[in-house]
Amino acid sequence: MSYVAGKELRIVGFLCNWCSYGGADTAGVGRFKQPTDLRIIRVPCSGRVNPLFVVKALLNGADGVLVSGCHPRDCHYSDGNFYARRRLEMLKRLLPFLGIDERRFHYTWVSASEGARWKNVVTDFTKAIHNLGPLHHKEEKTE
Amino acid sequence: MNKNLLNFFGGGVILKTFVYPKESYMEPINLTEKTDWRFIDQVKKESGQDPALCYQCGNCTAGCPYTKYFDFPVSQVMRLLQAGQKETILNSRSIWLCATCEACTTRCPCEIDIAHIMDVLRIIARRENYVAEKDVKTFYDAFLASMKHHGRVFEVGILMGYNLKSGHLLADADLGPKILGKGKIHFLPTRIKGRDKVLEIFRKSQKKRKNSV
Amino acid sequence: MRVGVFICHCGNNIAGTVDVAKVAEAARMMPGVAFATTYMYTCSEPGQEEIKETIKREKLDRVVVAACSPRMHEVTFRRTVEKAGLNRYFFEMANIREHCSWVGEDKALNTNKAIETIKLAVEKVKQNKPLFPAKFKINKRVLVIGGGVAGMQAALDCADGGLDVVLVEKSSSVGGMMARLDKTFPTVDCSICILGPKMVDVSQHEKINLHAYSEIEEIKGYVGNYQIKIRKKATYVDWSKCTGCGACIEKCPSRNAYDYFNFGVAPARAINIPFPQAIPKKATIDAQFCRQFIKGKCGVCAKFCPVGAINYEMKDEIVTEDVGAIIVASGYGLIDLDKLPEYGGGRYPDVISGIQYERILNASGPTSGHIERPSDHAEPKTIVFVSCAGSRDKSIGIPYCSNFCCMYIAKQAILTKDHIPDSQSYVFYIDIRSPGKGYDEFTRRAQEEYGAKYIRGRVSRIYPKGKKMVVKGADTLLGTQVEIEADLIVLATAVTATNDARTLAEKLHISYDQNGFYVESHPKLRPVETNTSGVFLAGACQGPKDIPASVSQGSAAAAKVLSIFSKDTLESDPQIARVNTNVCVGCRKCIGTCPFGAIEEQQLRDGRIVANVIETVCAGCGICSSTCPCGAIQLQHFTDNQLLAEVNALCLT
Amino acid sequence: MSEKEYIYFPGCSLEASAIEYDMSVRKVLTSLGVKLIEPDDWSCCGSTPAHSVDHVFAAAVAARNLAIVEKMGACTVITACPACLSAFKKAHHRMKKEEGFKKEVNAILDEPYNCGVTAKSVLQVLLEDIGPKAVAEKVTTDLPDLKVAPYYGCIINRPPEIMEFDDPENPLAMDKLMGAVGVKVCDFAFKVECCGAAFGVAKRKMVNELSSKVLTMALDAGANCLVVTCQLCQQNLDLRQGQINSTMGASFNMPVLFFTQVMGLTYGYSSQEMGIDKHNVNAESLIKSRRPVEERIKEEQEKAKGKKPKAKKAEEEES
């Protein structure tokens, strides 16, 4: 079954367990209201996110992908998020060559205590994706 | 000072006409009826500032050079705003006696641009014809009038205009001799070519205000 | 494969904004799902019973619980399924509370989101493999960072519990902030009198190994087996010889050294022992001010030291200690006056901070307990206390309350009256925060018995007028401005994280909040744990805290350590990287990226070089997995297949 | 020194009641090799009164002038008047921040303003673009009797996030410049207390009270003269000093000079050229002792000689 057509777009989020997933929990506990489009996949560390996952998601039906880890230097695994940043920077530059608007992919840092920040990240990214519109039906048009 | 306290509590029931309610009683404010939520939102919207951020530390009042002359110290204006006491605020002299010296804004620990809020309150008061400080307004008007006619302000003109309108015919007359003959006073205004353009600004914004209200 | 899905109402927390019945309905339709139901409180005992019975009854081999965050209850439910005979990793949790019911407003959208979140979990759980933890021995020594009251309490409790303790203190003596205080609220106990005995215990306890004037250089390892590198900073005094006689201090010609212990109330000598009760009572040379170091000639202290302990050649020394757990009690800092320009920003000598006043009040302080104002050493008659000097002030980035200022100001007002009966104290406050036991009574006493005048309002400016300082503030209750011509002004400067808090956190792999305070693993239920197992918090490094709270946390952290050390072995988390040697091409990429050096080369019988993961060292971040070009190294429980299964569950529709 | 060029906005009162400020600014900057170009047909910035009408209007009257400057192809406008400065900066700041606001303002403007102009005070230009060193080089005259208290007034650097210059609580720009031209500066606690601003006419008594506080603090600080950057302050403190004395029963007799006038004097201009005679409180008594700067330098050198042994000892002590 797919997302509620018209109301929602398909947004996939990879969150590191220690910071961002906790931040999202904090946001929940604080009842920080957010758009409902995002679906969260929990990973131990943003460094675990293989760019391949992002590409697969975007090619297979996602309209946007969000990766969020610990703040630089505050990584539970010392510098996992640096590896993540390097890789994902590369990926961002690569996406246009796959015919995907790079704005559909965003990576950021949210710590476990930053519930409010998480709310903003989700809200802003969701807005951005809605402004870009659905990725796949767009492609149909261009065909 | 407890005049102000009185004011705050009695504020809700004070009528437009009142200036300082020495004789007003400590009427309880019926917050359910007398909280003007629309006013709060209006100020929020026009100032882009959120009065709810104020936790009443009093830093603004402490630093304000004009507190002595205010009927409500700044922190109480903020409090009245939080309590939605439109009438009391717009009738207060404080909003006219604020010189926008920015001390409050600079020191507010909650990063509220208080001076800007005072500005907005003044604007609303002008718009809705509450003028607790006629002289200040009259001076402002004289200033603006001069600006409107010449494109630049013409100080002597302002002074004369003010004296006529305010009825203080001799205000600052004592200063006359002090400047006369110092080549400071032009008895004719400098008029700029583009004064029609300045006039346009006046006209257009006036029109806009009319439509918006 | 028979997956069972249990959807939790969590009272109204979930059921309020998610149509759980509909969710269960949809769950039953999902491929592989043999059973789905809803339950009022899944985490309750009957709730867990229900799961166990259903597993048996329905012959389930995989379980998904859709409820709160796995960070809350994953452990609980893993235990449950294990009790029912399943491997604990045949379980997944779908977070439909924190990430769904609590943050979405539209019930229909929430319900759909919950369904998809469960679908995701189902697809994951179907990919899960059974995992089995290994056991490893632990090193039952504990490192305590920080010799303040919290750290000392933790060290003593651990030592009394029979553990070997390594206590590392940055400055040349233990005691921390508490050793600087004159009296303590609300009992007005002499601070050093109650702290002194603890300090002595620390120095004499045969199980405590104290490294004073030392800092943490590097931390390697994991719970049970940490390797710590400690930098013993050069004191230029051989402490094995130094008797603390003080002859060197007497004779030192450099009289303008900064006195860290007294927060610069008065200058110190370049060679110094911070205070009479210092532990260890050994001298230290401050090279910044010592003439021997500045000018390369002097040597006075060396001349006068009766035991020849002075050694200008001394260098920093690195010692290593192996421990099994770490207690962080690194304390707090205070903002500098220059953050407060409207109060003179430190330009006026008679505007001082609360901790400086504490030293002036203190009998062992630079004024030997006589209250004098710094400018002219006159006895102040009018003293003004300003609370929230920097605290609760977003404009300088300190939005929080500093917790104990209200109380110590009340104490200082009381002490001032005791010292100078004909003095008058004024206290500017925004709110009086005195929630502790006997605290509010204490602030009342300051006003009722000691006549301190409390003024509800903030001070906007302080400026000199002749010999006096004018304090310009507001009394918001009167609605007026007030002015006080004061002799001395004490600012309750805001409490901050220590300036090296962040770097230490990075060495420890623990997280800190936007203010630099360390983040506990749960604000209510795991207040002294961190998210890094084996690292615990005590005292103000976690947030501004007064003495009783710091001491309780010290003991709590010690108890936590004792409880993990009550076993001889720990279970390692099996969620670590594994190498498929048939696929590995030995490119060594993973070895380069592993932050923990947990991967080594290994030669197989056929001579091929492949990667090998050292189980106990691997922390399970999975960076290697996303680095490996041929997917040979896989983080268990988060393998490419498992994660892609989740992606596909969402995207391939 | 290379020729600098600036668009210079005098403002209404510098054409009339504060003409001496304008004179001194022009002379001082010229002697520092700065060329001033007056924008063509500029109009009033609106100042405080405009802000009591509405913000779009207030921004518009200010922005009209910025637009003129923009059209001249310049990206900086300098003014001596803090009221104009603040009006410009506020309009620019908000128009830059809020697209919607910018649209509204431009809607009532004859020429749209595209936020390409930064407004600077003459003070800032002297301190940052020219610098105390260059400023000091031009000094020819010493004013031994002058002890100034620099009074900045309220808005020249408040609020900091808009004015973006100097310290809002303890500004030092004028102190530095006065120091650079060799004038004795007294540390003065009321640098930024408001003098009564534009209320002079309507609320004379109030203004007199506020101004008298400033004068009192200046006396306490040991100053015999106030230096100011704002013609409104100058008016309230100098022109109204008589009023102050009568309302407050005081007997102030403290000259209030524009900092540019003091600089001009040290550059060797006559009091007439600097328009000192246009003030109400006579400053001649403080100026007449003026002498070539060389004399001071000689004096200092002798002093230093006398001090030397002592100085050495002191230095020994503290190290």
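As written, the chain order gives the labels A, B, C and D, with residue 1 at the start of each chain.
Definition applied: a contact is a pair of C-beta atoms (placed from the backbone, for glycine too) under 8 Å apart; a residue touches a chain by one contact, two chains touch by 3 or more.
Small disclaimer: the values here were computed from a predicted structure and weren't measured.
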| item | value |
| --- | --- |
| Labels of chains that are neighbours to chain B and to chain C | D |
| Closest chain to the centre of mass proxy, which here is the mean CA position | C |
| Whole-Å gap between the CA centroids of chain A and chain D | 53 |
| Separation of mean Cα positions, chain D and chain B [Å, integer] | 26 |
| Rounded Å distance between chain A and chain B, as computed from the means of their C-alpha atoms | 49 |
| Shared-contact residues (touching 2 or more other chains) in chain D | 168-169 |
| Interface hub residues of chain C, defined as touching at least two other chains | 342, 461 |
| Contacts with two or more other chains, residues of chain B listed in rising order | 68, 103 |
| Arrangement of touching chains [line / ring / star / complete / other] | other |
| Touching pairs - complete list by chain label | A-C, B-C, B-D, C-D |
| Residue ranges of chain C in contact with chain B within the complex | 342, 388, 392-396, 430, 456-461, 472-476, 478-482 |
| Chain C contact footprint on chain D (complex, rising order) | 167-170, 189-190, 217, 220, 318-319 |
| In the complex, chain C residues that touch chain D | 254, 256, 291, 294-295, 341-342, 345, 347, 461, 463-466, 470 |
| Residue ranges of chain A touching chain C (in the complex, touch as defined) | 1-4, 7-8, 10, 12, 17-19, 21-22, 24-25, 27-29, 31-36, 39-45, 47-53, 56-57, 60-62, 70, 73-80, 83, 87, 111-114, 119 |
| Residues of chain B touching chain C in the complex | 1-2, 4-5, 8, 55-64, 67-68, 72-73, 75-76, 103, 107-111 |
